[in-house]
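This structure is in structure tokens; I'll ask about it shortly.
Per-chain numbering from 1; labels A, B, C, D, E and F assigned in written order.
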Amino acid sequence: MKPCKRIEIVIEHPLAPRIAKLLVKLGAPGYTMIDGASGRGDRGTRHADEITGISSNSVFIIACDDAELIEAIIEGIRPILSMSGGICLVSDAQWLRH
Amino acid sequence: MKPCKRIEIVIEHPLAPRIAKLLVKLGAPGYTMIDGASGRGDRGTRHADEITGISSNSVFIIACDDAELIEAIIEGIRPILSMSGGICLVSDAQWLRH
Amino acid sequence: MKPCKRIEIVIEHPLAPRIAKLLVKLGAPGYTMIDGASGRGDRGTRHADEITGISSNSVFIIACDDAELIEAIIEGIRPILSMSGGICLVSDAQWLRH
Amino acid sequence: MESLFFSNLTSPPLLFFLLGVFAVVIRSDLDVPDQVAKFLSLYLLFAIGFKGGVAIAESELSMVVGRDLLMATALSAIIPFYVFFLVKRQFGAANAAATAATYGSISAVTFVTAISYLDAGKIEWSGYMVAAMALMESPAIIVGLLLYYRSQSGPAESSGATMGEMIHESLSNGSVLLIVGSLVIGWISGPAGLAQVDLLVKDLFIGVLCLFLLDMGIVAARRLRDLGTAEVKVSMLLFWGLILPLINAIVALALVFAFDVPEGNALLLVVLAASGSYIAVPAAMRLALPQANPSVYLPMSLAISFPFNLVIGIPLYHQLINWLV
Amino acid sequence: MESLFFSNLTSPPLLFFLLGVFAVVIRSDLDVPDQVAKFLSLYLLFAIGFKGGVAIAESELSMVVGRDLLMATALSAIIPFYVFFLVKRQFGAANAAATAATYGSISAVTFVTAISYLDAGKIEWSGYMVAAMALMESPAIIVGLLLYYRSQSGPAESSGATMGEMIHESLSNGSVLLIVGSLVIGWISGPAGLAQVDLLVKDLFIGVLCLFLLDMGIVAARRLRDLGTAEVKVSMLLFWGLILPLINAIVALALVFAFDVPEGNALLLVVLAASGSYIAVPAAMRLALPQANPSVYLPMSLAISFPFNLVIGIPLYHQLINWLV
Amino acid sequence: MESLFFSNLTSPPLLFFLLGVFAVVIRSDLDVPDQVAKFLSLYLLFAIGFKGGVAIAESELSMVVGRDLLMATALSAIIPFYVFFLVKRQFGAANAAATAATYGSISAVTFVTAISYLDAGKIEWSGYMVAAMALMESPAIIVGLLLYYRSQSGPAESSGATMGEMIHESLSNGSVLLIVGSLVIGWISGPAGLAQVDLLVKDLFIGVLCLFLLDMGIVAARRLRDLGTAEVKVSMLLFWGLILPLINAIVALALVFAFDVPEGNALLLVVLAASGSYIAVPAAMRLALPQANPSVYLPMSLAISFPFNLVIGIPLYHQLINWLV
């Protein structure tokens, strides 16, 4: 077990590929993405009921133990979130090394 | 980044709209909801395979930094969970302000 | 509210029933499972787009407050993860007792 | 009589149901994706409702129609009374009320399977029976809840919904609304409307029913495996899950015999009485009566009564009608 | 004229749209699963594209075809100009640009509903109109974005995509690609290809349209309920959502009158002009112009203009064409 | 010969496959929702199995049938042997065993595409070939695993499943069960059963195949893009992904030539031999042999051999059969 940060991002579905691309570009060790989440925030309700996908959210989970990389991810995500809404939470976790 | 609580609720699908309504009524800053989760607990297995939706779970994620509100959310959720099962976990997190 | 550990496992879809069986065998108090997650890690991209399900992930969330059981779960999961990839994160949480 | 059971057992829809059961028994991973399964059930309600509506538009509305609709509604309101008192001691008041509502209401898939059974045997039935089915969806919910509240001494635990919410819930349930809506639309647009959609609504029906019953077989068998987790003894669930359809069928048989209902419609009425809901009622009960444990009334209706009616009930009731009439 | 509205109102597709709206109004949980709804929309694009391609393969390509396609493309490029300036003051530049792109582009479902309206009335239309529709999907996106960038003094906020990405996005959008691709495949494989798939592509079409419009009714009504959360006043959204289709229809009417386009094609062109996109354009706008607030342009097009065109617009434009010609 | 390729290339199913590939190439977001894609594949298995079963019920079961089924089963058990030894040095034992199982087994979609190719060319084939296909699904899995365990000196790494679990897994796989089950149901219910579902099972088949191949084109092209991430060199994957189908086709060609199998059945047998599984086998391998890296054998079969067989293989094998016979 190794201490790490668990980064959780909720972003509108159309921008999910940008987050994925960003993570790859920054060299994140990996990510998991859950699609089709609905939600509510400052920009109203996202119903996840639409054929366009613009009214649904994607949830990213990223485990990362490199402080600089975490910083880079957060700074990379910040402008995207400011533009389109969504949230980013960071918490402490233990990462099982197998 | 701002410290906050991350509240995670697992509830049976038919009651999800009640949780959503409760959160809006209490003035929660937002929530994200993932549908179609299966699970297992004291009330047996929920298969998420049924056309009624009564055998599937919804997962709520709520970021909240207002201590009173957190208390209100938890107290509002408690009776619903006692009645129908499910879980509620609260943990510390950092909230990226964009 | 009671302190507990929140265990989060990301595993390829075909092995999800094994994790579920393991949890039941070890006597875990319950679990929640979200299917159809995509992701990326050392073994490349999992697209969650395939009819076989072998290219998609399942996310398990387990709340557990029994230290021995937590240890047993982690040790049970470790060989499965070594074999097939995926991650396991453990963090602190408060469990709402209803 | 044997030939009835036999021909029922070689019909594709039933065989696919059994294939689904078999898949679970041998622990196969065969599975119809849940969103698609839900859509197939919407399709069946849409098709049966539309066809029923067109049939009503084409037929003369006579006294007989009114009588049959009344009979159906009455059945749906009466059944919960005795079911509630039959199972209350063993199940507790909340579970008994939910069970009463479940068996007062109907299973649309059992109904459409009975229709495809009649069609295969070239036996006539009337389109307005779809309206009878729609009418039977909701009343039982309200009766069931009233029975529960009356049985509680002191102020009822009101953790659930109010009476108003309850009635709303029972009428606005998605499947109830879709069948009633499709019925009305079929009625309004009539044969001209049917001509535009008949391929989807008529010719594809049995094929889609096969695929849906495959899924129902899987789901029912899974619930049967879970039976142990309920708070009521498995043997009791098995007993009532087999006995309640029979009792309700007999009550309905007496009615159709008394009023001399013709063969096809008689079978449909009996099947409606004998079947229990596993869509509208369980969903409504989770909101209106969350104290009731869904792992009591849902698997009883879905994993015991539903397969029983499909495999044995339909030809058996048919045989009984033939004897009586 | 009344009879036009009346026969439109009794057509099954429209009635199912209204059933969907009704379901939301009475707060029913009726819902078409989202993955299935997405697939139904793919099916409609596939079927209409394929049929259109076969029709082109079967017809002679004349000057008239070129003229009509040009007219359609021109409409799609012109509409955004005046829409942008009409709404800019009230909506702000970004929202105005997105709105302009939305209304310059088209709604495929409104188009196919107009086709089923024509077919029900036995009015002829040409297969190449599907190509016209496909041609109108994208240009408006580019015009809308150009208008926005020109309106920004100083260097444009480039948080969104570059011009190249934008053009790519507008042409590679899934629904644009599927309709164009199906059109080309229908063209290549011709009547022989159609013979292999005609049941799916032709006979099932209206039935599936019914189920899809049921979902569209639900989604549109939900968006209508959310209108309040946008940054623009609800009354303004309502106003422009009703006025823009009318203005665009009148512009198109003038064109079809000037060039003496025959009844069926004329109606389709007018409907294309009057309808606003809620698939291709909103998806492209989230990437190219994220500053624009989707809860302004999406509900306006989806919850106001779309139902208006479906229920009132199509028969109204038809009536106007009959008066003019 | 050219005309064979050409007519294959203008058939709608293949064109939609190419459209899917094109969508990924231009980075379009076109996508068939995964639950629906899974259902379409269930539908294809259901329809082909049912039709095959009815065909068996209608035909006389002769020695020829037994011979052909035996030939198919033998092929499926023999192919893994040489495939394993051919690729073992480059892939390692675990990946070689998985690859052997993959190519010994079959691709149902390649098979149904070959059937629609035969039907388009009005060439006869026998319904029992569906049974041949079903028989070829599983044996290769067991042979592949045995080869792996034998190749390990010392006690085999038993992180995977036991032999019993493995056999269970290979027989209870959802797609194997559905095709076998539908075959048996078609057989039992016969022409009378087919009459009830023929529209779904027959007339819609090619249309649905188009939509499914659209998705397969997308998925295959995505896997081709990911090829780089496997532990085996891309050039090796490309090489074996093209060579293995050819080798297996030649082996099968020799057999069908030796036994003088008629044109249609011959092509189907060759296509079965040449195709590799990407449903049943990869899913079973993840459980039975998790040491094998799925990004080796899955993209090879799905992204290289599958498109090759679809576009070039089927007409090529057909041409070779015509030359030989």
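The rule is short, and it goes like this: a contact is a pair of C-beta atoms (placed from the backbone, for glycine too) under 8 Å apart; a residue touches a chain by one contact, two chains touch by 3 or more.
Fair warning: this is a prediction, and the values are worked out from it, not measured in the lab.
Two chain pairs, A-E and E-F, are weighed by contacting C-beta pairs, with E-F ahead.
Chain geometry summary: the mean Cα position of subunit B and that of subunit D are 33 Å apart.
Averaging C-alpha coordinates per chain places the centre of subunit B 38 Å away from that of subunit E. We define each chain's centre as the mean of its Cα atoms; on that basis subunit B and subunit C are separated by 19 Å. Each of residues 31, 33-36, 38, 199, 204, 283 in subunit E touches at least two other chains. Residue positions of subunit A touching 2 or more other chains, listed in rising order: 34, 36, 48, 79, 91-92. Contacting chain pairs in the structure are A-B, A-C, A-E, B-C, B-D, C-F, D-E, D-F, E-F. The residues of subunit F lying in touch with subunit C in their complex are 31, 34, 37-38, 41, 159, 218-219, 222, 226, 229-230, 278-279, 282-283, 286-287, 290-291, 293-295, 298. Interface residues of subunit A facing subunit E in the complex, by the touch rule stated above, are 12, 14-15, 36, 43-45, 47-56, 79, 83-84. Across the complex, subunit E is touched by residues 10-12, 15-16, 19, 22-23, 26-36, 116, 120, 199, 203-204, 206-208, 210-211, 214 of subunit F. Per the touch definition, subunit F reaches subunit D in the complex via residues 33, 35-36, 38-39, 42-43, 46, 50, 168, 171-175, 177-178, 181-182, 185, 188-189, 193, 196-197, 199-201, 204, 283. Those residues of subunit B lying in contact with subunit A across their complex are 1, 4, 6, 20, 23-24, 29-36, 61, 63, 91-96, 98.
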